[in-house]
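These are the structures, in structure tokens.
Two complexes are shown next, each including subunit A; its partner changes from subunit B in the first to subunit C in the second.
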Partner chain A sequence: MSKVVEISPTTRHEGHSKLVLKINDQGIVERGDWLSITPVRGVEKLAIGKTMDQVPKIASRVCGICPIAHTLAGIEAMEASIKCEIPQDAKLLRVILHAANRLHSIALHNILILPDFYLPGTDTKINPFAKVEPVRSVAARIIRLREIGQTIGEIAGGEAVHPSNPRVGGMYRNVTERARMKMYDLAKEGRQLATDQMEFMIAILRNFQKRDYCVVGNAKVPMPKDLGYHNQGYMAVDPMYGTNSLAEHPTWQPERWAESRPWDWYMGEMEIDFEDPSYPIGGTTKKGTKANPQMEACTGVPTYDGQPVEVGPRARLVKFKGYDEKGTVGQHIARQLEYVDCVYAILKSLDALNPSGKVLADPIPQGDGSMGWAANEAPRGTDVHLARVKDGRVQWYEMLVPTTWNFPTCSRALTGAPWQLAEIVVRGYDPCVSCATHMIVVDDDNRIVAQKLIQ
Partner chain B sequence: MGTELGKYKVCVSARSTDKEIMWKAQDGGIVTSLFAFALEHGIIDGAIVAGPGARPWQPRPFIATTREELLSARGTKYNISPQVSWLKEATRSFGLDKVGIVGTPCQMQAVRKAQLYPVGMRDVPDKVALAIGIFCMENFPYKSIQMIVEDHAGTKLQATKKMEIGKGKFTVITERGKSIALPLKITHKYEQPGCHVCLDYVANLGDISTGSVGSPDGWSTVFIRTKKGEETWNKAIAAGCFETKPIEQVKPGLDLVSKLANEKISKNKKTVEERATFGVNKALRNPYL
Partner chain C sequence: MEHLYPEIVITGCGNPLYADDGFGPAVVESLRALALPVSVKVIDAGLGGPHFVFTMLDPAQTKKLVVVDIADFGGKPGELRWLSVEELPPGSYRDAHSWDLTEPLQRIRDEIKVRILCCQKKHVSAPEMEIGLTDEVKQAVPKAVSAILEEIGVEYGTVAILQEDTHGGRAESGCETR
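Moving on, here comes the complex of A and B:
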């Protein structure tokens, strides 16, 4: 007979989410729901009536982990709506900023996932903050990689977190030759570190994959060979940067996208009847508590060709580089393979960048209200922003962020995994939950009375 | 008062040994020479200085990364130059790791505040390598300088070669050698009102601060205040960038600096106190409390 267990909150990722799992007598997940319980931001509503220059800056504030992707996707959605082509050097600066952000993001994710894995040849889980080797030098390498990514981002984008340099029509300013050389030197240093770090992580992941069991709390959990497998398909628009509706051959089609309500997708109200006080940290939710994923989920469920899809590093590699490894480990390895791609994207763009080049379009049209969209390959996957701009003001704005796509897909991938490993599957998606929340209106009786649906 | 000169390690009277700098320097050419030395020796990667702006005698802050650019910013321009506005950008699209900045006492306060509370100044605090403060009694908006020079001194700004404030006079020297000295009581009303609450005359928060007061003509008084300032100064002295005299041996000496600093502080303290009761039950905040 199946039982219900709840892990709330899930840890070591951005935002606030929880897992509600229906498990069989062996503890294997029969049906899993992973849902966001981060309060909604409402950025789409805030945007209406604001100027096209303000909105991407507001959109950036939806989250502090991938603000660069949101800024760039927001700006390019505006540019697509007003039909503004930006100068080549501005585009290059954006690619540098984008790749630098992804470099830092992968390194950050390494810190978050390392405690799930074992030092090869031992039964010791890795504590990235331990003062012993080899962990100490790995942690130092990760910190340096983040520093490199953020410093390059600061130079190209003005700020490493909420970049100030990008604007509708291009960039505010180009960099000097000295700054270009500084970024080049940093990227060269990063290239070696990224290669070393990638190799280290792949070794750790392969070792984890070969293990027979894994210890979680007091339980010795057998390792399934198909941990995190799903058959939902992939979506990616570019191996590195992105595309938009002005492109000659857009790689994303808005007509294939639809959105359904969590009401139609997640499980209904149920009582938790299984608990494990030894589960890290502080045990699972107490028996007898009620869970209601349908009502608690703060995201819509976007579908592409009628199905939820996976976005992120593996999707990019599958779509553009012939990668075919499934499961959580395959996903992690795809992410590590992107380390070096980021550095080469930076180096290539720096080679092409002309520091004396123009970085702002002239003139900048003010828009006629037509719909434009831009899809940006954020560290966690395809980040699509859609906008209508008329006379410089935003009339309609929509954000389709990576983790929103991944929520239902990952929920499917939980099936067949021991429940104790569900969080490991979730972390494979490098979730960034807070920006994934959408506009849903709930009345006093907790019923959905309105939701932003596709127009 | 005793604290009017701030904390300092050494005080000397100095002038640059570089003829090219001295040719157009305001007094002793201290700031330009020190930045040029620091730039050549890798102590700074670039410096935020007040170069020529869009209109005659209007300063425009910019980031000088070569000696030629530094030379273009020689001399004092007695109106507002927002130096700190470039501080963050210097570390961003200019890619500087070691930034030099010159500014008035209030600008030194801003730089130190940005270092202490880097709100909106991420990764900037550790990149300020050399902050040089200049003595300042008050500053003028650009309009005021136009009025003083063009109306009171009857001189075209374009034809002005140098402006000086000293010995109770605002002196305008023209290209054709004419010198017009205006008593400072004429210029007082043109001062920027914000300057009247400032209680710092000698840039207490600079690594090094300098100004003409206290030294003979063509020389500058230099306070070396911090360890960083001392290291740079000693290296510059060893490299022969400056000739120096002990401040005790020059006329008018530190007594005059103290006198003027005390005058500024006591005069402006009155304004601060007056403002405490100014307005309709909305006293203005004392910036020093």
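Moving on, here comes the complex of A and C:
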């Protein structure tokens, strides 16, 4: 007889989400729904009628962690719509900003996931804030990597949090030779730290994979060998940066994308009939509470070729680098492998960057209302923004952010896992729930149907 | 790195998409229009304050952190009040992303002087999006700027920078690191 358990809210990631899990007598998930419970916000509606310069700035305020990805994807969607090609040096500055942001993001995610894992050879879980070795020096290395990512981002992007240098048509300013050298020095320092940190994390992850059990709350949970496996496929547009509708061979096709309602995807109303008060941070939801994922889910379900897909570091490595490790550990390892990619992307772009080069297109067209899109490989996966711009004003705007793709995919990946490890599977996706929850859901005839329903 | 880790950091927190929550970024915008000493850095932390700001402080260089945000302390809308870290007990404030802000502030307060300038909110539209401050809070922006200038010791007056210099100007200033 299957029982229902709910973990709400899930922790150590960005935003508010919860897990509703149907489990068998052994506590193995038969069907899992991971859903966003962050209230819906209508940024797409707000964008209509605003200028093409304002909208990417508005988009960057959707989330506290991803302003850089949304600024770049937003600006490039505008450029794709108005058919504006930007100078090469502007593109290089954007790649530097983008890679620095990803470097910072991987380091931040390390802090969030370390408490799930053990120090090799011991039964001690890692507390990244502990003042003892070896954790102390690892934490210091993580902080330094974040500083390096943020500082390079600040120099190339103008500001450390909400970049002010990128604009429709390119960048406001190029950097000086001295600034280029500064970024170079930082990236060279980062190269060694990133390599060391990657190796440390892979050792921790392999050790976790080899364990027979894992302790969660009071339970000693056996480790399945296929934790987090799914067969949903992957989507990525570029190993590092992105693509857009102006590209000669775009690697993303809007006609393959469709969106369905949470109603069609998630489980219906049920009563929670299993609880575990010893589950970390306050226990699971009390028995007798009702859960209704269909009505509570705050995001639509995007599909590519008719199925939800995984986006993010593993998707990029599978699509472009022949990576093939499945499961949660494979996903984490893919993310660590990207550490060094980021640093090399920065170094290569700095080598190619001409500080005296032009960084702004001239003239900047004002748009004729045609649809343009840009897909940016944000830290958490493909971030697609679509826009129509006419006479400098936005007529239509849509954001398809990484975690929205990952919600239904990760829900499938929960099947077969012990329920106590479900949050570990979720954290493998480095979810950013606030980003994911901003949209309007449309039905097959493109009518807005779900704005009320999904609240 | 002197420029990247300045002595005084002023950070405006909040989301301009939620009406009065845009107070912090609005104060940052006004401060950016002024010529401030090179030892002062003004950061628009947006929603990312707890995630991003703490890695931008260096206890060896940074002596003061000024946080600007809205709050609900029961005052009149637009009223400004300086709060100390002690007045924010741990866990009293969590941002929308379940990341605690006050705890790290408590941790750094022995090494860096932390001052928090709060403005009483009138209307925060979350989760609905609404751009623009209410009149009461808008009127508090110049007052907040004066209060901050006094706090950081720039009481002798300052001048506005030409508009074209402020566009993306931080990239250029980042270049002037020694």
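Operating definition for what follows: the second predicted complex is superposed on the first by the 437 of 455 C-alpha atoms of A that agree within 3 Å, B and C clash if a C-alpha of one lies under 4 Å from a C-alpha of the other, contacts with A are read in each partner's own complex, and residues count from 1 in each chain.
Criterion: a residue touches a chain if its C-beta (ideal position, glycine included) is under 8 Å from a C-beta of that chain, and two chains touch if they have at least 3 such contacts.
Remember, predicted model here, so these are calculated numbers, not experimental data.
For the composite obtained by superposing both complexes on subunit A, the positions of subunit B and subunit C are in clash. The wider contact with subunit A, measured as residues touched, comes from C rather than the other of subunit B and subunit C.
In the superposed model, A:108 makes contact with subunit C only, not with subunit B.
When the two complexes are overlaid on their common chain A, residue A:261 makes contact with neither subunit B nor subunit C.
Look at A:160: by the touch rule set out above, it reaches both subunit B and subunit C. Of the two partner chains, both subunit B and subunit C are touched by A:175. In the superposition on chain A, A:58 makes contact with subunit C only, while subunit B stays out of contact range. By the document's definition of touching, neither partner reaches A:3: not subunit B, not subunit C. In the three-chain model built by superposing on chain A, subunit B overlaps with subunit C at stretch 153-161, while the rest of 45-53, 135-143 or 153-161 show no clash. In the superposition on chain A, the residues of subunit A contacting both subunit B and subunit C are 151, 154-155, 158-161, 165, 173, 175-176, 178-179, 182.
For subunit C in complex with subunit A, the residues that touch the partner chain are 4, 15-17, 43-53, 55-56, 95-99, 126-129, 131, 167-172, 174-177.
Of all the residues in subunit A, the ones that touch subunit B in their complex are 151, 154-155, 158-161, 165, 173-176, 178-183. For subunit B in complex with subunit A, the touching residues are 45, 65, 89, 91-97, 122-123. Subunit A contributes residues 9, 11, 14-16, 38-43, 46, 58, 60-65, 67, 108, 143, 146-147, 150-151, 154-162, 164-165, 167, 171-173, 175-176, 178-179, 182, 434 to its touches with subunit C in the complex.
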